[in-house]
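What follows is a pair of complexes built around chain A, which joins chain B in one and chain C in the other.
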Partner chain A sequence: MSFDYVVPGSLAEASDLLARGGPDAHALAGGTALVLMYKQGLLRPEKVVGLGRLAELRGVRRLEDGGLWLGAMTTLRAIETHPEVAAHSPALALAFASVATVRIRNQATLGGNLAHADPAQDPPPMLVALDATVEIARGLTRRTLPLGELFRDIFETALVPGELIVGIRLPPLAPRARATYLKFLPRTEDDYATVSVAVRLAVAEDGRCSDARVCLGSVGSTPVRARAVERALVGHALTDHAISDAAALVAQEIDPLGDARGSAAYKREMAAVCTRRAIATLRDA
Partner chain B sequence: MRFEHTVRIAASRAVLWELLMDIPRVAACVPGAEAVTALDDDAYRGALRVQVGPIRVRLEGQLAIVERDEEAGTASMRLDAADRGSASGVAATVALSLGRAGDLTELRLETEARILGRLGELGQPIIKRKADQIIGEFARNLERAAAARP
Partner chain C sequence: MSTHRVRVRVNGTALEREVPADRLLLDLLREDLALTGTKEGCGIGVCGLCSVLVDDEVVSACLLPVILVDGRSVVTIEGLADRPGGAALQDAFLVHGGFQCGICTPGQLISASALLAASPRANEAEVRDWMKGNLCRCTGYYGILRSIAAVQAGAAEGDGR
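Moving on, here comes the complex of A and B:
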């Protein structure tokens, strides 16, 4: 296999190269997903555009509103270990720390992780549960999307040729809100999740749930927001019974694929179990 | 790997049977199928374009009707196709049967497929999901094509 490898010095140039290159021109960030597909022979690029010199896509910054900006070319490891990330919510750092191994996290980037659109990845459900917005650039044109709308299908996003992910914006966590990320891994520590659940929950002073976001990974062709579960939680006192009933609703919202990590029926069952546990953990925290 | 799909279509069994045995016409209902032409009464050649995210293949090959029984509403087909780019192939047999389901006609497809070469790296779950999407769209197109018949 042979291809042209170019390393542009600006976002506009990268975008232009990709737009002109069509579907056989690929943007290469950390390469942990793409290079594997090249080696498997599933992808045969004509042109590979390396993004390593785009310094403006790298970094973690606290925003004026107390939220967080994560640059697309920041490695998963740099995000996981950044003090501002832990300050925003420890669960966010945990979700990044859950990906594969340290060696891979030192290489893989946020933007690559999102653009790959693998529904078994760890950061997307957590970021969706934290109401992340994705910033997208094409030349000098910018647009933003709620992160959940970026994912269309397995390996498919809403990005058009020439568009690059610039970064992620997270609003600050509300004062009474907490988040957690629960990854169910029955095999090895560095595996993909059998099921994963990210939850953001706020409990008012009267003990009622005032806000809930539930998003699952590995249970469909994209990260799946469990809106029925959220609706069943908000406004209610979080008794064991209420949590169990709400978590059971997750089964109707997901469409897991059976694979080596569990049959579809098993994943459906475990999705409800993990959702219940994640919510109870936050209530008791 | 084995796939089973059952779809219910708002068309009479006779209309559906006629349509299903008219391979170039029925191929027009398959998303991604192209250049389907008859070699003889029971053999056809053509191609199927499939895309999973950035992965794109063009499976080129032949389809043969091995058996057909209009009275029973059953047929079986054999399909052999290859994608040169990824050095992959698909060999499949499809058993088709038509039955009644109230006012609708039930089309049942049982597919036994072998995925050869690099395409197999995608893994069975992704291939199965793609097959489900193609069959789902096929069923909707088939219904439309059946409705368009006099």
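Moving on, here comes the complex of A and C:
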């Protein structure tokens, strides 16, 4: 087992190295996922391309429209503690702070977290619920995707060889909108979720829900948008009964696989419970 | 395997080493530099035994390739006493029962030191949240929490002078 490590000085060069290396070339950001998979023999790279010199992939910036840009090479900890992130929505900071431990968050990056496409990760459902778009570069060519479309399957994204995640763009939260992230952790505090739910809701002055996004983690091969739940909420007053009925629809949207953190049946049941709790929390906030 | 010339400061001493691309910081410390205070536990970034500081931030040396610490500064348990508050923290672990069987202790001290530097007035919930990634498998966490609280109380007294 042997690989060559290169640290290109430009994004175009990084793209070129990754494109020419094909499926056996991998980008190295913080290393938490890549090193783990390498140690376990799940990855046998021939070429590893370090992204540490690509300064344009780093940072957190408030956009002119009041939205937020998060650079792919920014650590999860830097995002979690950035004042602009808390100013956008405390739930966004909470979702980043929910990943593993501070040690891992000091090393892991946003881009690595997304490209890894592990459906048990915390930031993706929250970012999807906040209508994030992902900026992708291949050399000088750029494209954007709604973040939900990046995730194709477990550990599988829509990226082709040579493409790199540049960053995430978030629109501003609407004036009457609020967001929350609920991570259900029946075992230990540093664990992956059994179920996680990210919700964004807007409630009009008449008390009716005017907008809703619900996205779940750890209950399928990708983050899962619960569109039936969203449809059942919008236009309705958020009574306990209405929330409960809407949340129950989550069961038909998800396809959980049983794992060490719960059987498929348990996850299905807890997904409805957690969805109900998350929506009620926002109504009562 | 490509090899790379890496400059890194370890406990204040500047070093230059040629390392294979997949050499981990943990192995550089323990095998090449004989700094065996940093332990290997799970090897997957969960247990916290291999906690070290890189540019003052706590990380898992078992998941960190040496090529990523080029140009950076590493502090291990062997260098902790030279950090501000490091010796006081070690004393507190001895006095208040934070030092137990010894396997997790280097990582606990490194994590606690990073915590006290980042948020000296962290409340108990924040301390627990920060320290949750450093596992103890022999006696428990109360002595460790007491030790950290004692340092905070001592530092608070110092503030009043």
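Here, the second predicted complex is superposed on the first by the 285 of 285 C-alpha atoms of A that agree within 3 Å, B and C clash if a C-alpha of one lies under 4 Å from a C-alpha of the other, contacts with A are read in each partner's own complex, and residues count from 1 in each chain.
FYI, contacts are C-beta pairs under 8 Å (C-beta built on N, C-alpha and C of every residue); 3 or more make two chains touch, one makes a residue touch a chain.
The shown structure was predicted, so the numbers you read here are calculated from the model rather than taken from an experiment.
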item: Combined model on chain A where chain B meets chain C, clash or fit; value: fit
item: Partner chain in contact with A:83 - chain B first, chain C second, else both or neither; value: neither
item: Contacts of A:207 with chain B and chain C, given as first, second, both or neither; value: neither
item: Which superposed partner A:32 touches (first chain B, second chain C, both, neither); value: second
item: Touched partner set for A:154, first chain B, second chain C, both or neither; value: first
item: First (chain B), second (chain C), both or neither touched by A:235; value: neither
item: Superposition-derived comparison: chain B or chain C, residues of chain A touched; value: C
item: Partner chain in contact with A:48 - chain B first, chain C second, else both or neither; value: second
item: Touched partner set for A:190, first chain B, second chain C, both or neither; value: second
item: Chain A as apex of chain B and chain C, Cα-centre angle in degrees (nearest 10); value: 100
item: Minimum Cα separation, chain C to chain B, after superposition on A (Å); value: 12
item: Chain A residues contacted in one complex by chain B, in the other by chain C; value: none
item: For the chain A and chain C complex, residues of the former touching the latter; value: 2-6, 28, 30-32, 35-36, 38-39, 48, 50, 52, 77, 100-104, 106-107, 188-190
item: Chain B residues touching chain A - in the complex, by the definition given at the top; value: 52-56, 85-87, 118-119, 121-126, 128-129
item: Residue ranges of chain A in contact with chain B within the complex; value: 23, 26, 37, 40-44, 117, 153-156, 221, 257-259
item: Complex contacts: residues of chain C adjacent to chain A; value: 1-2, 4, 21-22, 24, 43-46, 48, 51, 54, 57-60, 63-65, 67-68, 111, 114, 129-130, 132-133
